[in-house]
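All chains are identified by letter, namely A, B, C and D, in their written order; residue positions are counted from 1 within each chain.
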Amino acid sequence: MEAFSDGVFAIAMTLLVLDLRDPAIGSGVSLPQGLLGEWPSFFALVTSFITVLIMWMNHHNMFNYIRRIDRRLMFFNGLLLLFVVLTPFTTGLVADHMLSDSAGAAAAIYSGTFLILSIVWNGLWRYSSSGHRLLGSDVTDQQATTITRQYYVAPLFYALALGVSFVSGLASVVIILLVAAFYGITATIGK
Amino acid sequence: MEAFSDGVFAIAMTLLVLDLRDPAIGSGVSLPQGLLGEWPSFFALVTSFITVLIMWMNHHNMFNYIRRIDRRLMFFNGLLLLFVVLTPFTTGLVADHMLSDSAGAAAAIYSGTFLILSIVWNGLWRYSSSGHRLLGSDVTDQQATTITRQYYVAPLFYALALGVSFVSGLASVVIILLVAAFYGITATIGK
Amino acid sequence: MEAFSDGVFAIAMTLLVLDLRDPAIGSGVSLPQGLLGEWPSFFALVTSFITVLIMWMNHHNMFNYIRRIDRRLMFFNGLLLLFVVLTPFTTGLVADHMLSDSAGAAAAIYSGTFLILSIVWNGLWRYSSSGHRLLGSDVTDQQATTITRQYYVAPLFYALALGVSFVSGLASVVIILLVAAFYGITATIGK
Amino acid sequence: MEAFSDGVFAIAMTLLVLDLRDPAIGSGVSLPQGLLGEWPSFFALVTSFITVLIMWMNHHNMFNYIRRIDRRLMFFNGLLLLFVVLTPFTTGLVADHMLSDSAGAAAAIYSGTFLILSIVWNGLWRYSSSGHRLLGSDVTDQQATTITRQYYVAPLFYALALGVSFVSGLASVVIILLVAAFYGITATIGK
């Protein structure tokens, strides 16, 4: 299951490149100018790339603790992958609309999708860890609690990003990038 | 062979996202309105995603029982993967036509493709299990029979979905989603 | 190296689906009619899918015999993967042009690409097997010779397909499908 | 982490094929003529394919020496993969603009992206190897120094390619191809 999930993460991350378009085709602008004008696409791509990369690392880390598997876990994990698969689409929406009137709406969809993803993630973890249901027997209560607390950060800040999107689409995406940075800095690393 | 099949399942599932399009480009509608109007795309994507995900899980489960491999098995498996690869295309047809006159035709193609896939699947299993041809020696007759019976469900209901498509495209897709739900609930889970 | 090659084979095979297009968009025809009119796309997809699938199987089989690796082998294998990667493009050309005046040209490019691929393949094998350079010590001369002979079939028939393309594009693609069938029937299968 | 990186390399390499377009659609030229006119696309594809392939080989080779992993290594590796993911986009820019006034600009972006990638690569290696921080205990100082020296070549020549792009886009891409050839010839090969 982990290898399969890895595949979906890697493919979704690589498909992000399909959101980039040659800006000088069918327009009068020069290539460098066109690319500069396309900065929202690059900004959204980098945000999504880092977010999915960090999620992949955390996913691996989580399955260092979860040692058993049951139908509900599969269900949670499938739902999680569904939202990972949607990332290139929501990223494309942000890229296309960042400079238009619908920047807020695009950012709301973008952050809202990550919000749901993070709630599913927390659901998966809470289900697996409550009463040590699916955890390895060597995992201590304290370790589990530390992780539970770490995972709370994402839905809180994605909810903030969703709220902020109604004021500024750009600020909303910046918050999402900061969430990835937070997890990048705090995540436990194991080989 | 399993790793290769896994790769095809994962890539086909992730390519489903390419069926989604930015609804506000070149049209007068707002982004939220446009996305709401695009609900058939999301509905078809979710149905296909869950169906292929469940197929992948069942595929793994099946190969817990099938321990040997021969040319015919490879042939069956290759045919099965061919229909898995077609999924993003048939899903796109359903998404594009759900709200048009050709909703029934699109749903017929969609459900018909899954029907053939499920017949190939049953053929693969019947070939492998009949006389315990390719099964592990520890697999009991009863286990094999239970699986045989479980696998009958898919072609029966995909045939129903095909029939229903001539009355209602939407109802046809709903049946396909229910088949995935059935297997999601009944499938044996092993790590 | 095998896992990496497997990935490229699997992705190329799955990307073939992007050659299929919704025939009823922007045209007056009905969906079933449109799909029937698109039969060259399906025919080309099936031919390429089976060809790449069989190549993948044979690639695995070949690396059961080749146990060592050197820079030249890597070079041959990289070149081989380059032509595998081109398959979705050449398949799309055949699909687009089968019913037009340029059917022959498209089939010539399609079969010519497979011809070069099969020459690279034979080069890889000849380099690895000559003097048992990279073969396992348990591989007999007779086994190596049998494989050498089997691999001759592909370039011969792809050259025939290339020649025939100047008369009939369709016949050329049929020959390529027959080559895949030949290898599907004769290939040694190991798990 | 290596399996995941492998996946990203393989997917990026295969997505390069999406840069190729049927030249005879919507234009008056014949298919062979159109393909000949599209030579920049093929040239750029081959250059990028070989470059990414060689990078993948070197990446594997590098992780034969790096045996431990920490957060900064993950960061460097993620950044490196981000630039790998951009390759199909920058390749497409070179392909689209090679024959236009903006050939130099496209080549500057193409070589500039590889330049940054190679700097990140050197950063990753310097960080891992300095003081033997993450290297295996059996790796000698001399081995590490040899690799350090080898890795210098890429940024130097990518910087040259960037400079040359202001004179000739084509010459710039040729230099990038030569860098790949250099590493293809000098890279140590291990299974």
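Just so we're on the same page, contacts are C-beta pairs under 8 Å (C-beta built on N, C-alpha and C of every residue); 3 or more make two chains touch, one makes a residue touch a chain.
Source: prediction; values computed, not measured.
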item	value
When subunit A is superposed on subunit D by its C-alpha atoms, the rotation angle in degrees, nearest 5	90
Copies subunit A and subunit B touch via same or different residues, half shared test	different
Rounded Å distance, subunit C centre to subunit D centre (Cα mean)	26
Between subunit C and subunit A, distance of the C-alpha-averaged centres to the nearest whole Å	37
Residues of subunit D whose C-beta touches two or more other chains	3, 7, 11, 15, 18
Chain contact topology (line, ring, star, complete or other)	ring
Contacting chain pairs - touch in the sense defined above	A-B, A-D, B-C, C-D
Residue ranges of subunit C touching subunit D (in the complex, touch as defined)	1, 3-4, 7-8, 11-12, 15, 18, 68-71, 74-75, 78, 81-82, 85-89, 92-93, 96-97, 102, 105-106, 109
Interface residues, subunit C side, partner subunit B - complex	3, 6-7, 9-11, 13-18, 20, 22, 24-25, 30-32, 35, 46, 49-50, 53, 56-57, 184-185, 187, 189-191
